[in-house]
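Below is the structure I would like to discuss, written out as structure tokens.
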Amino acid sequence: MLAYIIRRVVQSALVLLIVGLAAFSMFRFVGDPIENMLGQERTTVDIERLRDQLGLDEPFIVQYVKFLEGAVQGNFGVSYRQGRPVSDILVERAPATLELATVSCVLAIAFGIAFGVFTAIRRDGFLANFIMSTSLIGVSLPTFLIGILLIYIFSVELGWLPSFGRGETVQIGNWSTGFLTASGLKALILPSITLGLYQMTLIMRLVRSEMLEVLRQDYIRFARARGLKNRTINFRHALKNTMVPVITVIGLQLGSIIAFAIITETVFQWPGVGLLFINAVQFVDIPVMAAYLMLISVMFVAINLIVDILYFFIDPRLRVDRAGGH
Amino acid sequence: MNDTLDKIPQRSRLRMFLDSDIYYAFRRSPVAVVSTVVVSILILAAVFAPLIAPTNPFNPATLNLMNGFTGPMAPNAFTGESFLLGTDDQGRDVFSTILYGMRVSLFVGVAAVLFAMVLGITLGLVSGYVGGWTETIIMRVADVQLTFPSILIAMLIFGIAKGVTPVEYRDQMAIWVLILAIGLSDWVQFARVVRGATLVEKRKEYVEAARLIGRTPCAIMLRHILPNVLSPVLVIATISLALAIIAEATLSFLGVGAPATQPSLGTLIRIGQGYLFSGEWWILLFPALTLLTLALSVNLLGDWLRDALNPRLR
Amino acid sequence: MSDVVLSIRGLSVKIPTRSGIVKPVDDISYDIRAGEILGIVGESGAGKSMAGNAVIGLLNPPAQIAAGEIWLNGSRIDNLKDAAMRRLRGKHIGMVFQDPLTSLNPLLSIGDQLTETMLTHLPISRSEAHQRAVAALDEVGIPGAAERIGSYPHEFSGGMRQRVVIALALCAEPSLIIADEPTTALDVSVQAQIIALLKRLCRDRGTAVMLITHDMGVITEAADRVAVMYAGRLAELGAVRDVLTQPQHPYTQGLMASTPLASQGKARLHQIEGAMPRLNAVPEGCPFHPRCAYAQDKCRAAPTPQIVGGHAACWFPLIAQKVS
Amino acid sequence: MSLISVKNLTRVFDVSKPWLNRVIERRAKAFLTAVSDVDFEVEERSTYALVGESGSGKSTIGRMLVGLLTPSSGKVEINGVNLATETDADKVDVIRSDIQMIFQDPFASLNPRWRVRDIIVEPVVARGGDATGLAEKLLVQVGLSALDAGKFPHEFSGGQRQRICIARALSSEPKLIVCDEPTSALDVSVQAQVLNLMSDLKDNFGLTYVLISHDLTVVRHMADRIGVLYLGRLVEEASPEDLFTDTKHPYTKMLLEAAPRMDGFGREADLPEGEIPDPIDPPKGCAFNPRCPIATNICRQERPMMRQLGDIRVACHLAD
Amino acid sequence: ETLRWARSGDALTLDPHAQNEGPTHTIRHQMYEPLIIRDISGAFEAALATDWAPKADDPNIWVFNLREGVTFHDGAAFTAEDVVFSFERAKQPNSDMKELIGSITEVRAVGDFSVEIVTDGPNPILPSNLTNLFIMDKDWTEANNTVDVQDFEGGELTFATTNVNGTGPYVLQSREPDVKTVMVRNDAYWGIDQFPMEVTEIIYTPIQNAATRVAAMLSGEIDFLQDMPVQDLERVNAVDGLIVKQAPQNRVIFFGMNQGADDLESDNIDGANPLADVRVRQAMSMAINRDAIRQVVMRGQSEPAGMIAPPFVNGWTAEMDAESSTDVEAAKALLAEAGYADGFSIRLDCPNDRYVNDEGICQAAVGMLGQIGITVNLDAKPKAQHFPLISGGQTDFYMLGWGVPTYDSEYVFNFLVHSRESEIGTWNATGFSDADLDLMIQSLASNTDLEARNADIATIWRTVQDEQLYIPIHHQVLNWGMSERVGIEVDPEDQPKIKYFTMN
């Protein structure tokens, strides 16, 4: 297990290096930050001075190494746009995204698994078919459109839920949370549905097909032959086995939730890192973009590591320390 | 007896297909039949758009801006012209734009999936069959790829491509970059599935038999293994197609999609969503419905195929 | 006969398929008494497993019982509701499948699997179940049962796993065991051990055993009586020695003759030409007639007779021919 | 002269965990010796059988015979040519076309996407030969109809497929066919058909068979000489008559005892002890010693050499 | 009363001198004050200065008399010393306001409530450069170690970046950049009786997505909305309790063309530059149907333009602004005359996130130019990628919008007409260069004879018009959406000052 984790960590570090490089090099091409930072009245001299000051005229590799050095120390430089250290901005924005992502994940996983199990057990039932078909609609419309439609229905037409922002937040140390106020919770509803819907569908379909697969395994037949209760068979035997492949995918999906938050946050003006990223892209705010991508990758890598470790707890076959011959 | 040999009736592939279980199951599944019909109609409509569409919305010189915002089947206040599904903000006939937009969307989707497929199948076959370091490297690359969300990959590629292509090619480039971006973020699942299937097939004895008579690995992979791993690929390809079409739409919302002068369905929806509150619902509704119908029926078909082609679920 | 544990009367199983309804089990009847091992042999696809599954109520849809009755310990069970049938399984009927590797849930320890079965059926406490689980493992010959109770299936060898499976099937002390090819996946040496184990348990506990296999040798050594199935029907049913030494049905005879025997030396094997018909093309009359050397018009037209008198379902049992 | 000569044939598989695991868990590399120091010769036009329980290395030997695997040490010579080391490409090619194989699983050994005709003639076509009408001719020879050439494998039953496999094996006019459990997936009645067919073809084409099987009755029926394998080692080799009547090795005895008999009504077999040990870490000395009822000290210390006892070769310290 | 206020973007910093940017100034205006502000009509209004005039005996000196009895938010009194300090601060190298007051050589206090501003030559339009120059408290700034202007580009964070101590009508309560800024009424404000001051609390939220912005307005979560999408005016107006008010904005939208190059990169004509021919430029202007753009693309929310100066600007004339016409046939004829009867193709660079419906306008232009045979390839992109093309001179045909904060044509000429040099003409990507004109433009800065100066301005404009240096499209119209409870008129600078707001 240790070896496995070490290998994963090394791999992850490689991933981060590559992502960092890719991200960093991409930003060289998106646009010229200088233009945005100086107003209409800037002069050529100003441009040169600033370029020099930001180190933008140094060789590419030097800039990248500098960037990495900083990144390792949690220092991503200073936002060109807000003129504040990127790490501060990220710390400020991360809670919003993390809360949104958490709620979406919980929704996606809870409903995904519940519906998946249900549709697998009642494979040909009407309700199961209905859920399956409607879930397809969820993946057949782009996320941004779903968000806008939800706003249209629940904010504009019905006036039930807020159309933007986090509502009121409470500051606990460095963390601002919307979980503690009614308006904060209300504000979470639409964005988290928008964000979680797609992943929920994916998880649900995956759980369903894996579950169907597991349900026709011999050990399930044997469990039936032993007269075990359906509940025991479905949940203790089938679901647990289903989880082995499902967990990997859930792990990947959780990462995507954070990435897809870009869209949801844009639509709902949710003050998280996704919105920050889109702003940064529009403003060619290189440090913010680089930091965001690194952040996403770190989360991804972390989630995957956790998922891998989870395996060891679920699947005893992985715990063997014996060289496998057969 | 040799002279009779030539007369042996051979069942054609078509006949075989018509007799097959798949086709039987297909005929008995209304969902599958309906979605196939819908997809075919949409694809035909897209392919023959220049013949069907009343106007060519991609030719700006033919547009009359004054026709803008005409409601469906209602005459325009200035020009008196009327349009089946109305016009958009540029005075383009929505019906024609949808047909042409679907062309773009389908082209991007199909090409991206084909690209992902070719790449994924090749890498999957090679890594599954050859194994060893080759496999390790390919699959690690796939892992890295997987750890990176597809829209970020797409934005990344878009950014880089935009930086490196000369300005005058940017317009043509946009489409190809979309294809590359979506394709690149999609090959992994093909590779994984093909690799998995290859690992299974490779152990089957017909492969041994072919090795025994000295067939080259290349011939074995292409002639023996490939045909046998295609059915899961088909399923993924179908579902990927729906995903690719949606991905294209999402990317155009984020501003990295098809150009506004040659809008895809996604671009149309992005434009249309700006008119959701202002009463020009048709600019959003019709493209969105088309996208929904297209993606939904492709998805349904893929879903059905997955169940039908999975021997263990039958 | 009060000691009849299982009694099957006119059992048919049907499956609706694309080309009409097929009957993988067609009108079979037999009894199994307590402490008796009934061997069921027949070629692949003859309907052996279907018959076993029908008894324990685990037919995979769309297969379903089409006709007939199944009686267990004097009560009818083929028309029971799902829940009632479930309570019967494991408690009154145990089942052992062919592949011990896939019969055990890889994620649960064998102790868990044993205790959950016992707790489902027996009114005992968890700790008692645990003790009984150890005892059950001990009984099927797992060395160091107490230590190995927390092990997972992958930590056992094939033969050991099959013992665990048998322990699981027996742990609620059912009166009938259905063993569907319990040794096909195992080596001869292990097969001998497992068969001996089954025989011993059956003898000690008075359990009735339905032993499904296609290995004539296993039947010979293990079974008391044997039922030979062909294309979903019973071809022959009787005491093992009678059926195997003096087969009355041409099919049984062919089967016996095509098995290579020491006595035969290198002579050509007897060969039954052709193959068992596919289920959707079972011929009229006796299903074996197209391959039967003795077939007559009657065999082609009239359905096979029930087994009466002798032990074969044949219009012209071989004994009779020899006599005439 | 003998067609095949196998000398000190050994095959070791590296089943170690990846490097990092070994470093952390302080483990040495793990090797599985699937075939260990096996010698035998096969006469032309004879049938040589290899028997043994699962994992005893039968298939591994078979695959080395046909060149699908290279030996770790020792050699296989076919007609005096060692496929693994021969550099003359033409020679290798000739020998290769002389060897064919029939596999256990008739369902997996035919490519489901190919027509039977293409499957059968592939060995010829792959070498650029002309195969017009060949498939049809062979199909008739193996007892199928020429009309079947245009069909796909799924339209055939198991026995028929095995016939197609045989037809494929015959198409390149081989001298030697290695049959890896050719009938173990088939029913007795079909098995009889296939075994008969094999015997007929042997006579007609002058074939040599290496027959791999775990079924003693089949082996006894078919073989001219039988080699018994245990944990990758050849423990006994004899003609069927000798092997079944004058059994020398305790393992062979155990096998014969355990195998069910057609006349053994109600027989209580002398139960074999234990199970086959882990091949990665085989017992010291004679591999069979932990299960052997007559094992002595020397059996635990020294690996017995193959000895010639009359017409029988046996690897047992105690056999006489 | 709380005012919930939204627009598309947020202030970049609160340091009064660190960034010269519209939305940033808007937020500052609520809390800081300059000497002079512009009222809703664009006229100067006294803020911290009560009156101002050039010194009679020296045209190089302006005298500003300051308001007495003003206190900063922390209670400190406002004096001339603070003004001197603030001007000095605004001239620091890090300041973004330094170009605007480049001509000022000295600011000196004359008593507690009067200052003299010395310029390097007569500067008739000095007051217009001071309307966004905010005054800070010297003592507070020194006490909080924030005398130096925040080095915005360098990423410096100073006390003044996040804290405010102004004299303005509202006091900062909390701020999360890009998320939310809350301000409350300053009850000690000097003008508390003079202005309505009915808003007691301001909650300011930037909302980027246009549809979401409108949705928030429609669902009643917002009382006051800037950056309103033109297509939603009617819908918002139709909702009970919501109204939209509009006014012409100080911004004109136009196309620029590279007429200086010998050959263009993005066209399909080899060895010649079609745009160098004035007839081609005129033909292109004639092809644009500004009425259609106004009607359809802008939904009536624009005023077709004939010159590239907004009507507020000194030098603007109604005649010149009416000079553009649409005549497709004449345009074709002109093209043919110029030798391009078959047209040509060219790329149009266009922003898609800067001006009202910028991309839509470009698309419309593509169609219209197509009708006279010019094939235009549109390349629309975010402003971050668009503007570098213009300032780098890498575009042949582009869209640009221009506002004139000084309300004087000189500002336009300096940036858009003067030959491109390192300190001047920096936004002139047309390649147009006329040495005589350049001299005339440079002399405007110090010409105190207003009449002669205006004559020069007219002459320069005439050349710009005759040369068809740019293709004017329209003047933008500004729309503010608001709840009916809010009473305010639209400010042409798009600078709402909440102290003028009434609430009922």
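To keep things simple, chains are lettered A, B, C, D and E as they appear, and every chain counts its residues starting from 1.
As a convention for this text, a contact is a pair of C-beta atoms (placed from the backbone, for glycine too) under 8 Å apart; a residue touches a chain by one contact, two chains touch by 3 or more.
Treat the numbers as computed from the prediction; the structure is a model and nothing was measured.
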Chains touching both chain B and chain D: A
Chains in simultaneous contact with chain A and chain D: B, C
Euclidean distance of C-alpha centroids - chain A vs chain B, Å: 25
Centroid spacing, where centroids are CA-atom means, of chain C and chain D in whole angstrom: 31
Averaged-CA centre spacing for the pair chain E and chain A, given as whole angstrom: 40
Centre distance in Å when chain C and chain E are each reduced to the mean of their C-alpha atoms: 91
Of all residues in chain E, the ones touching two or more other chains: 211, 215, 218, 382
Touching two or more other chains - residues of chain B: 273, 276-277
Two or more partner chains touched - positions in chain D: none
Chain-chain contacts as defined at top: A-B, A-C, A-D, A-E, B-D, B-E, C-D
Residue ranges of chain C touching chain A (in the complex, touch as defined): 56, 58, 86-91, 93-95, 97, 99, 102-109, 116-117, 120-121, 152, 154-155, 165, 168-169, 172
For the chain A and chain D complex, residues of the former touching the latter: 2-4, 6-7, 321, 323-325
Of all residues in chain E, those that touch chain B in their complex: 210-211, 214-215, 218, 229, 231-232, 234-235, 265-266, 289, 292-293, 295-297, 347, 352, 359-360, 363-364, 366-368, 370-371, 375-380, 382, 394
Chain D contact footprint on chain C (complex, rising order): 43-44, 157-160, 187-193, 195-196, 214-218, 220-221, 240-241, 244, 254-256, 258-262, 264, 266, 268-273, 275
In the complex with chain B, residue positions of chain D that touch it: 63, 66-68, 93, 96-97, 99-101, 103-105, 108-113, 119, 122-123, 126-127, 133, 136, 140, 146-147, 149-152, 165, 168, 172
